[in-house]
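Here it is, the structure, as structure tokens.
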Amino acid sequence: MDSRCPITAGKDNEGVVEMTVNIVEDGVAEAVKANFPDAVSEAKTQRRGRVVITVQKDRVVDVALLLKERLGFDYVTSVSGVDYPNRNEFEVVYHIWSISRKILIALKTTVSKDDPRLQSLISVWDAVNYHERETHEMFGIDFIGHPNLTRFLLPEDWDKSPPFRKDFKLPTEPR
Amino acid sequence: MAAVGFLGLFLDFLFSMYFLELLLKVVVFPGLMFISLFAMVVIWFERKFLARIHLRIGPLHVGPMMGLFQPIADFLKVLGKEIIVPSNAHRTMYNLAPILVVTISGMGLAFIPFGPSPSVMSIKNWVIYYTPFNLLLILMFFTIRPLIAIGAGWASNSKFSTIGALRAAFQLLAYEVPLLISIASVIMLAGSFDLIQIVQSQSKVWFIILQPIGFLVFFVAMMAELGRRPFDLPHAEQEIVFGWPTEYTGIQFMCVMLAEYIDLCVGSLLITALFLGGWLGPAFIPPIAWFLLKSLIVTVVIIMGRGVFPRFRMDQLLDLGWTVLIPLALIQVLVVLALAQFAPWILPNVTLGG
Amino acid sequence: MKVRWGPQHPVSGQWSFFLDVDADVVVGMEPDVGYTHRGIEKVAENRTYIQDVPIVERACIFDAGNFVFGYVEAVEELMGIEVPERAKFIRVIVGEMSRIASHLYWLCLMSIAVGLETMLMWPVNDRELFLDLLEMLTGIRLTYSYFIPGGVRYDLPAGFREETERRMDYFERRLKDYYKMLYLNRTFQMRTKDVGVLKQADAIRMSVVGPNLRGSGVKIDVRKDEPYAAYDQIDFTVPTESEGDTYARSLVRFHEMEQSIFIIREALKKIPSGQIRVNVSPSVPKGEVYSRVESARGELGYYIVSDGGNKPYRLKMSAPSFRSLLSLPQIMRGVPMADVPTLYMSLDLIPLDVDR
Amino acid sequence: MVLSIIRPFYMAFAHLFKTTFTVKYPYEVLRPSERYRGRPMLNLERCVGCGVCVWICPNKALNMVKVGDLKLPQLDAGRCMFCGLCADFCPRIAMVMTQHYELAEYNRKSLIYSPERFSQPPKQFDGKLMSVKKIRKHFGVTHG
């Protein structure tokens, strides 16, 4: 099952090893790109064991299904939102680990701030449940299809804007 | 004239040796003062002993002997607490339960004979009230307690109290059965319900040697009856806060705790009387001292369970009771019957089948 | 009957559960978290990289060493700098000591959940051994602020190696005592075996982390999968158990403590001399990084986006307890109420870590 | 099975006579290690009032106040988390971390260390062991 290239990293010829060792990572990126040529805007290998894929938001579920069913990415590690007020959009990043391939893939997508809605990936990975709830709370992104998108970490009477957005300023002198 | 006659009788009674002795017994020795002292010493000892097992020191500052008076300090502190009755609680039942539980636990003490003593009365034993059926009465007071627990748990109008009350009912009722069966073999050997008779019949050999299985069953069942770890499910702090007395505060809580330690006292005295030869022993210390010494050792072993075992779960507890203890107790009864049939010379006084 | 378990309950911690109880059986459970939500991710965005070091470790002070470990690894990867070898080994030592201290704390909580107070006190006492060592090395007992981007703050003090060896020998004897007192205790086995079974497929589906996952037979350990610091130079084993019940999870943690002792010994043996720190610039190049470390509770991920300034643009902490939390309602369905504290403690969930 | 019931009893008995871990804290003082980071202390003679400590403090526990013609840092011990960054970053080594950890006060205002108070060295620990009797004599209390 272990498809990793058996070359181990050495100290003196790091450059050479770097080129040969990333075959699997490149292969994953290529596979995603080949299956969804129009939806995947970027697929690259960041470093050893890290692949970054940027997908259009309406095709996220399809790409996720491909990743899970065909490429063996089965272990959710993190879901994070990033606020870009200059571009007026949120970036949602799913970090998925593959137990068999030992690769971490970052599945990125962007949603507009005016219409922060995104198809939930809970149908693909069950484990994104609480992560998506947290992201919903902290950024105000609606995950369509999530069964329980209710208040989680914030207090019940929280009426200010979602706190992890950049326009939410921390009080300078918290008491 | 009737009143004067009655008053005369009453005054006669008041100044009779009988009354003075009764007063002495109720207030001093097996009664109030003794039980308070016992509770104090046992609480102190439990805390120090467990602390040593835990590699701690335990209470340190109050009184001599590294904090002997700590229970008194705790008592005074608890005395100053406000009594809180939860809203929607059944006030009468709620307030009655702590008084009842401490009274009923204390009643059992009235029937335990504490060994022979010079007495003005016909009964040559130190006992508050003598009756030949004292063992049955003590067990009766043991059996009443789950009713109070259910009442108090229900009256508290708290979920944890209710769960604790039901647990108490389950446990105490389930462990009555092995308790009684293991007593049955003792009674068969002694031929009497009278604790004095039972102790006297152990003058040659203690019953723990004649019936070790019965002793084991009685000991475990008694631990469960007393609600000591590993059988402290009715109070299980980590699961249901404090069981049925969860909502009690102040002096009411103190009553519940005191009742627990009175029960511990009665239980260890019973174990000593039934299996460990009661007040029998070499004559260099008085019989009453023997009785107390033995029961203190029993108390230590009971307390030690707290430092050694995790708590059982309810299904495991009932499993142990019904599938292990009851068959063992029945086996013990059969063994006693067989001994009486085939080797009657072992037994102290053969009352079985002539 | 609906029972609210916490936040004022002897073993609930700073959160509460909504338990749906049918007679004595739990039929549903919903965690209510957020009592200690401090918004550490947001606070970190408003501090510089060096100021974030004391902030991120307060997400979980029982395991502060590993929490900072992940953060500094991430920042160093963003900066593209290589830490001196000696600093790597010192980091491994601190991380493993922190792991042992955290596991000992868990052992207390686990034994108090099953109702054995003796095993509450012994590990608390023996935890002092490691807290004292860490104080000797880092200057603080719990929140060390010892790792900084570029290395560690102080070198090993004089006599540290001998003191560590002495305490390790003692602690190994104590571990045997623990095994006899708790793990071989009949009642503990009755309470934990076949309770709260988390099957292998379920564990991966729920993406639980760390010892909980390894107790279900999945051999994932970041220290082996993606060796960071000096873990690739130390040949340790990753303990796994296949049953997936509470006892298996407890056993995994016990064996991890043994492995941690081994790792500390090896690291002290192999530690080279040299620098402990390289100088770094306060600002960090533009980019993003996802760094993973194996904390005591499992895999901990830091996702840091940098816009080229001296503060992180976004810092996401993927905390281990938060990820294991998802499996708690699953394994709590259909168990008697007496097992609720046992199951909660068996996953080693810390509310501070869940909320961040 | 019998062994698994009896062994814990044996273990408990074996621990009965071991030495305890307890430290009777207010009477027995444990010396912190040499590197221990307690309350920071300012060396008034070396401080030039550059403000680096205020800039680096993650919790804003330090702020500059005017003393005479100089601006000097003032500590709010209620906000300090003893990370020691101020001492590390101080260019003239005017800020040092002391081993003083008994910082409890009765109100919030006493937690604020003005530059003068900030610069006073804490009292030294003697670390002596006192018996309980001596404690009573010394403190005049029966309950610790």
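Think of it as A, B, C and D in the order they're written, each chain with its own count starting at 1.
The criterion applied here is as follows: a residue touches a chain if its C-beta (ideal position, glycine included) is under 8 Å from a C-beta of that chain, and two chains touch if they have at least 3 such contacts.
Fair warning: this is a prediction, and the values are worked out from it, not measured in the lab.
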Task: Would you mind pulling out the distance in Å between where the CA atoms of chain A average out and where those of chain D do?
output: 44
- prompt: Hey, how far is the Cα centre of chain A from the one of chain C, in Å?
  reply: 24
- prompt: Rounded to the nearest whole Å, what is the centre-to-centre distance of chain C and chain D, using the mean of the C-alpha atoms as each centre?
  reply: 26
Query: CA centre of chain B versus CA centre of chain D: separation in Å?
result: 50
Query: When you check chain D against every other chain, which residues touch at least two of them?
result: 8, 11-12, 15, 21
- request: Indicate the residues of chain B shared as contacts by at least two other chains.
  value: 53, 55-56, 307-309
Task: At least two other chains touched by the same residue of chain C: list those residues.
output: 118, 122, 125, 185
Field: Graph class of chain-chain contacts, one of line, ring, star, complete, other
entry: other
Task: Provide the full list of chain pairs in touch.
output: A-C, B-C, B-D, C-D
Query: Which residues, counting only chain B, touch chain C once they are in their complex?
result: 50, 53-56, 159-160, 163, 229-230, 232-233, 236-241, 306-316
- prompt: What does chain C use to touch chain D in their complex?
  reply: 47, 50-55, 58, 118, 122, 125, 128, 132, 135-140, 143, 145, 153-154, 157, 177, 180-181, 184-186, 189
Query: Which bits of chain C are touching chain B when the two form their complex?
result: 1, 3, 9-11, 24, 111-118, 120-122, 125, 185, 187-188, 190-191, 336-341
Task: Write out the stretch or stretches of chain D touching chain C in their complex.
output: 1, 4-5, 7-8, 11-12, 15, 21, 32-37, 56-58, 81-85, 88, 97
Of chain C, residues touching chain A in the complex: 33-34, 37, 39, 41-43, 46, 204-207, 218, 220, 225-226, 290, 292, 299, 301, 303, 305, 313-314, 316, 318, 322-323, 325-326, 355
